[in-house]
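You will see two complexes here that share chain A, one where it goes with chain B and one where it goes with chain C.
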Partner chain A sequence: MAKEVKLHIGVENDLEEIKVTIPDDSPKPWDGKDKLKFVGGKTPRLDGKEKVTGNAKYTFDMKLSGTLHAKFFRLPCPSAVVTKIDTSAAEKAPGVKGIVLVQETLPLTVRYADQELLAIAAETAHQVDEALKLVKVEYEKRPFVVDLAGAQKSDAPEVFQGKFERDKEVGQIEVDEDNAGQRRGNVRAPQDYTKGGTKEEIEQFIEKSEFSVSATYQTQVQTHSALETHGVVANWEGDHLTVWASTQGTFSVLGELAQVLKIPQTNVRVITDYMGGGFGAKFGAGPFGIAAAKLAKKTGRPVKLMFSRREEHVSGGNRPSSMQTLKIATNKSGKLEALSLVSRGSAGISTGAGTSAPAKGIYECPKIYTQDADVFTNAGPSKAFRAPGHPQGIFALEQSIDDLAYKIGMDPLEFRKINTMNHDVRQKEYQIGAEKFAWHKRNPKVNADKGPIKTGMGMANSVWYYFYGVGYQATIKVNGDGSVELLNGTQDIGTGSRTAMAVVAAEELGLKPHDIVVRIGDTKLGFGPPSGGSQTTAGITPAVRDAAYLAKNKMLEIAATHLNATAQELDIRDGVIFVTSDPTRKLSWKKVASKIPGGTFSVMGERKKDHIDIKGAPAVHFLGRNFYTIGGMQFAEVEVDTETGVIKVKRILAIHDCGRPINRLTLQSQLNGGIIQGVSYALFEQRVIDRNHGLQVNPNLEQYKIAGSMDIPEIETIVLDTNRGNSSTGAQGIGEPATAPVAAAIANAVYHAIGVRIRDLPMTPAKVLEALHS
Partner chain B sequence: MEEKKNLSQKEISRRSFLKGAGIASVGAVIATTASVDIKADTKNDSDVIGKNGISCEFDVNGKKYAQKVPPRTTLAELLREDLNLTGTKVVCDRGACGACTVIVDGKSVCSCMTLAIDSAGKKIETIEGLANGDELHPLQEAFVNHDALQCGFCTPGMVMSCKNLLDHNAQPTLPEVRKAVSGNLCRCGTYPHVFKAVMDVSGKKGE
Partner chain C sequence: MNSFEYAMPKRTADVFRALESSDSIIKAGGIDVLDLIKEGIAHPQRLVNINSIDELKYIEGNQTTGVKIGPGTTLAELASSEVLSGSYRALAQAAGSTATPQIRNSATLGGSLCQRPRCWYFRNKDYHCTRKGGFTCFAVNGENENHAIFENDFGCVMVHPSTTAVALIALGAKLTIASAKSSREILVEDFFVTPRENMHRENILEQGEIITAIHLPPAAKNMVSYYYKQKAKQSFDWPIAEVAVSMQLDGKKCQNPRVALGAAAPVPMRSKEAESALNNQEVTIDIAASVGKEAMKKATPLSQNKYKVHIFQAVIKRTVCWASDIDPFA
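What follows is the complex of A and B.
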């Protein structure tokens, strides 16, 4: 059965009325006219107290009685063939209880320095360290290449001789299946995209165009550097495996464990109660999860295996490097005519270095050609990293767009405006941003300050996509004492998903968020979304609201019999159920709960496909499907010291859209975090691998530079109220869009300040000085 | 000489421990310390540098713990592994990130870079000691209300650094707050709310 409802949808106050058909067991989606009490407000985290008291138990803190500590033996050689592994001495070392090989059969190919070969479990961590020294490995060194340019040369050593084996994980950007026949050396088969002409036609068009720019950009490898490293505690009880994992995807870890260990999914349980940071690299069970599970099986004891900081850098994942050549042409009046992007990037021994999505997804441009190709290098595997490909792609795209605007003498903001007319949110964001940032006060000339310290203002567009999965199951249990439990297996990686779920349930049930006991982070609690692609809130909150809607209806029915009314005549607010026409006829939530037949009930809401497609913004083709594009943009003001080359980011204004915001307090935190990570990427972070030895020289947190408290700009954020009527909550994602445009906005501000472009990340003082003096 | 004597009796830091080990007979310097400071039950010098445990008494959050610790044990290991106080986190394990910050005798230290035996007999404050039963310390309260945390892994160290600041400077300026947490890395990038929380609890309006 389905019902038809009227909705008021649109951006901010620009609302239009539409009719939507929704299932009978779903509530009317919240729309632009609904006045809500908690949704869109500021609710402190439900688990805040646990976190500030040190009581929150992370995987790193897990202690089961009898737990063994395990670590990997890693070969510090970037390319080798291992012919013999002798663990006989290590096995006899004090405290050692078990050793497992990552690959049972030899020879084994090592493709990056510090690749794992085996894991040792012992009574104490110190004993493992001692035992690791006793492992003897015989191997033959091979030539290697670690840099993106070097790996593309015709005589470069081949990282994969033969078939490429993919480390497949949920959240990993999958471009295509590798086709060895089309791979040339280390360069994988390029992925081409064309619109409005062939590659040759588009490139010729740009060549002949009167107004065009052409430039090459480089971006570095960034490591995720989550504070809690990758790791698990694995424990078997009979043939059932329980794993505590520092993961962004409890269900993806479960799936991988069951598959690799060849046991039924029913026999695996994954728990992530608290999780110390995930930015895209923590989805699978990984070699560490598999090794820990095998060691636990072998020894009959729980096994804990957590990466060291060094391992986190070299093996935990990273954002791929890129080298992008971008050419764009416009006509005299500022309409984009053609764009060509050729991008190469290295994800080490993995894939996913493509950067072309922003070039295809932000601007209206009739002719587009893009080509992405992964280049293998002897370096640790990349993993998805907060908006994969986007900070890189936007760094290039938005600087070239800026270049073009200056070239035709148009304000860079105006230029962007007239080339994104088809995006309703973006159009509003330009207006709000220009006003808030006082863009009109900006000197239209570049390099206008006398110096030595020069200020500049710049901006850049962001783009992300509306992702969500279906089939997630949220259960709400109402107990006889009126307490409410909300259950789902998804995890809260710090985004506040636990609290967002409570806010949605409380809103529907007429209770307070802190009245709801939320149990998450356990695969036994019902299928839930991974925290990737900025989809957790969009994925789970509609299921939560649907469950709360069913629970509410049930409570109203129970109350109706006691209030001599029908359920339709009742409503619920602030813990009181009352007759709408006569609020004096009422019963408290607790009273009604005490009358639940049988004492308690549970209802389940399921995440269904959206009621309607989102309109108002263009859909783009990404990862094999069409997705609605989420707009956003950021403005930056910088000071550049032309004597020292130091860039200081003074302020960032971020304007974003995430559908209907659920909890503006945690949303603000997530935006701040995305911006700060972007500042860090723009100015400081860089994985450095020694070209001669193939080893990372900064696998730590003092030489791998991350922005700290002294580097934080003044941050202002604005999140639009966007109601699309697509799902019962209308939530979309924010985690990724917040970090995508930061480096580009800063780079454009730097250009405005000093009149020269830095097209190479990170924008270090040395690069600034070099640019100023060349 | 006077100065040296005071040092060996009162405060042997990890640095002076290493310095001492380098120049003189290793045992001599340490054994003196051990016998004075940490009530070592050892009869000869070699016991103090080996892998065997030395009996020490620790004062953590006002509670006394008698514990046998091998000399190489860091304060972070003692807290987390032996005393089961896992609120203190270890992130970089080399004093670069501040996640393991605790307060020892009124000074914030990186517990991953401090030997447990050097902390024996001193007043050690950890994140677990801040709240009074169920009642949060005002700083903790402000962290929750301002959402000065995301994943929460840096939070214990961040809170301890801020507490140490407020212990010495009840009304810090914003630059002073920034400086106080400049040794605390937060990968979620939650600093603006940390600044707000500290300014709020000190009675000043934040950014």
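What follows is the complex of A and C.
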């Protein structure tokens, strides 16, 4: 059965009325005209106190009685064939209880320095360290290549000599398996995209165009560097495995463990009560999860295996570097005519996402040619990283767009406006951003300041996509004492999902968010979304609201019999159930709960497919499908010291949209975090691998530089309400779009300040000085 | 990390006894030593904790008499010391610009002088570099963006990490070094050894010796000083360039300048070129800029660190200006 409802949708107060057909067991989506009590407000985290008092227990904190400590033996050689592994001495070392090999059969190919060969479990971490020194490995060194340019040369050593076998990790970008066969040296088969002509036609068009720019951009490898490293605690009870994991996907870890260990999924449980950060590299069980589970089985003891900071850098995943050659042409009046992008990304021993999505998805341009290809290097695996391919792609695209605007003498903001007319949210964002940032006060000339320290203003567009999954199941349990539990297996990786879920349930139930006991991070609690693609809130909150809607109806039915009314005549507000026509006829939530037949009930809401497709912005082809694009943009003001090359980011204004905001407090934190990570990427972070020996020389947080508190600019965030009526909550994602445009906005501000473009990330003093002096 | 014995002497005399065996190592604030042990660079059999010795923690004297500082004094204490707020302020500035507040609360002046290099090859157990007894300096033809631009033609191109040493050299400070049997005094600038003198150590301390006092000479008439560190980050970071200057300033006329550079060479170094360019000059921005240029004339940057030469020029110019109370950006 289905029902038809009228709905006001649109951006902010710019609303139109539509009719939507929705399932009977779903509530009417929140309306653009609804005045909601908690949704869209600012609710402090439910678990804030636990976190700041140290009571929150992370995977790293798990202490099961009898736990063994485990660690990998890693070979510090970037390319080798291992012919013999001798663990006999290590086995006899004090405290050692078990050893497992990552690959049972030899020879074993080592493709990056510090690749794991085996894991040892012992009574103490110190005993593991001592035992690791006793492992003897015989191996033959092979030539290697660690840099993106070098790996593409025809005589470069091949990282994969046979068939390329990708890490089986859920949440990674799906690739065409046949692709491996078309590899040329280390370069995987390029992915081409054309619109409005062939590659040759488009490139010729740009070449002949009167107004065009062409440049090559480079970006570095960034490691995820989450505060909590990768790792698990694994424990067997009979043939049932429980794993505490620092993961972004409890269910993907469960699936991978069951598959690799060849046990039924019913026998695996994954728990992530609290999680110390994840930016895309924490979806799978990983070699560490599998090794820990095997060691736990072998020893009959719980086993803890957490990465060290060094392991996290070299083996935990990273954002691919890129080399991108971008050419764009416009006509005299500033309408884009053609764009060509050829992009290569370092995949390490894994694969990347390409960088062309922003070039395809932000601007209206009739002729587009893009080509992406991954390049294998003898370095740790690249993994999805907060907006895969986007900070790289936007760094190149938005500098080129800026370049072109200056070339035709047009305000860079105006130039962007007239080439994105098809995006209703973006148009509003330009207006608000320009006003808030006082863009009009900006000197139209570049390099206009006197003295060695020069200020500049710049901006860049972001783009992301509306992703959500279906089938997630949220359960709401109402107890006889009126307490409410909300259950789902998804994890809160620090973004505030736990609180967002409580906010949605409280809104529907007429209670307060802190009245809802949220139990999440446990695969026993019902299928939930992975935290990737910025989809947790969009995925889970409609299921939560649907469950709350069913629970509310049930409570109203119970109350109806005691208020001599029908359920349809009742409503709930502030913990009171009342007759809408006569609010003096009422019962408290607790009172009604005490009358639940049998004393308690549970209802389940399911994430269904969206009621309607979202309109108002173009759909873009990304990862094999079309997705509605989320807008967003950031403005940056910088100070560049032309004598030292040091860039200081003074302020960032971020204007974003993510459907209907659920909790603006944690939403703002996500934006702050994305911007801070973006500043850090723009100016500091860089994996440095010694080109002569293939080892990372900065696998720590001292020489791998991350922005500290003094490096953080003044940040202002604005989030537009966009009500699309697509799901019962209308939530979309923000984690990724928040970080995608930061480096580009800063780079454009740097150009405005000094009149020279820095086309190479990170924008270090060395590069700024080189650009100024060349 | 290997297993080791832990000694906690209460008096200086007891330290010498604890240090008798050759594989013992001193721990003061513990910042550097803990890193070295955890990273597998140092493998001491005995750790002698001198942080518990109260008689090594003091700041005595004044600008007229000179100042004596105990090596156990923390960098945080130096940074906020009243005694160091006038002519000696370069030392307070250097101490206050080091690392993070947490580290400054624990790190000591003695430890700051005796810490080992932060070169990323030296700190990586998988590189057996010259300083660790090997035959290759991996930075010479490797990743050397952070390395030396002076004294980098002999076996090791690291830069010495001591920030306080740069200020102490500019202030003409001396050290008292003592062992169970004897004690001696030495200028801070003579305390450090270049790779040419000895590849395997950074200073002249012999096994069994410790620094027992740091002496700032009485401040000369109209003496001013200034220290500045240029980092890539504003928060905690190792310097790209650091400069300390002291001089007697009569009006704007400079006499007896001492200019010390850190992050420039394998030892904290004096720049005689800078000093002679500055001596007897009326300090102006232009003069300060020429001091920076002179100081860098003999620089020999490596493949990835030419940028440091530019930055040193700017930082020397600015530090000379700030010491002379001139706004370098005017």
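Everything below uses one rule, namely that the second predicted complex is superposed on the first by the 769 of 774 C-alpha atoms of A that agree within 3 Å, B and C clash if a C-alpha of one lies under 4 Å from a C-alpha of the other, contacts with A are read in each partner's own complex, and residues count from 1 in each chain.
Keep in mind that, in the parts below, a contact is a pair of C-beta atoms (placed from the backbone, for glycine too) under 8 Å apart; a residue touches a chain by one contact, two chains touch by 3 or more.
Owing to the predicted nature of the structure, the values given are computational and were not obtained by experimental measurement.
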Contacts of A:Ser669 with chain B and chain C, given as first, second, both or neither: first
Touching partner for A:Pro765 - first (chain B), second (chain C), both, neither: second
First (chain B), second (chain C), both or neither touched by A:Thr644: second
Residues of chain A touched, compared between chain B and chain C (which is higher): B
First, second, both or neither for A:Glu228, with chain B first and chain C second: first
First (chain B), second (chain C), both or neither touched by A:Met710: both
First (chain B), second (chain C), both or neither touched by A:Ile493: first
Contacts of A:Ile453 with chain B and chain C, given as first, second, both or neither: second
Doubly contacted residues of chain A, that is, touched by chain B and again by chain C: 126, 702, 707-710
Touching residues on chain A, where the partner in the complex is chain B: 44-45, 47-58, 60-61, 63, 126, 225-228, 274-279, 308-309, 493-496, 665-666, 668-670, 672-677, 680, 700-702, 706-710, 712, 714-715
Partner chain A, residues of chain B touching it in the complex: 72, 80, 84-94, 96-97, 99, 126-128, 130-131, 136, 140, 143-145, 147, 149-156, 159, 178-179, 181-195, 207
Of chain A, residues touching chain C in the complex: 76, 126, 129, 451-453, 641, 643-646, 648, 683-684, 688, 690-693, 695, 697-698, 702-703, 705, 707-711, 764-766, 769-770, 773
Contact footprint of chain A on chain C as seen in their complex: 1, 3, 118, 120-121, 124, 126-127, 138, 141-143, 145-146, 230, 232-238, 240, 304-305, 307, 310-311, 313-315, 317, 329
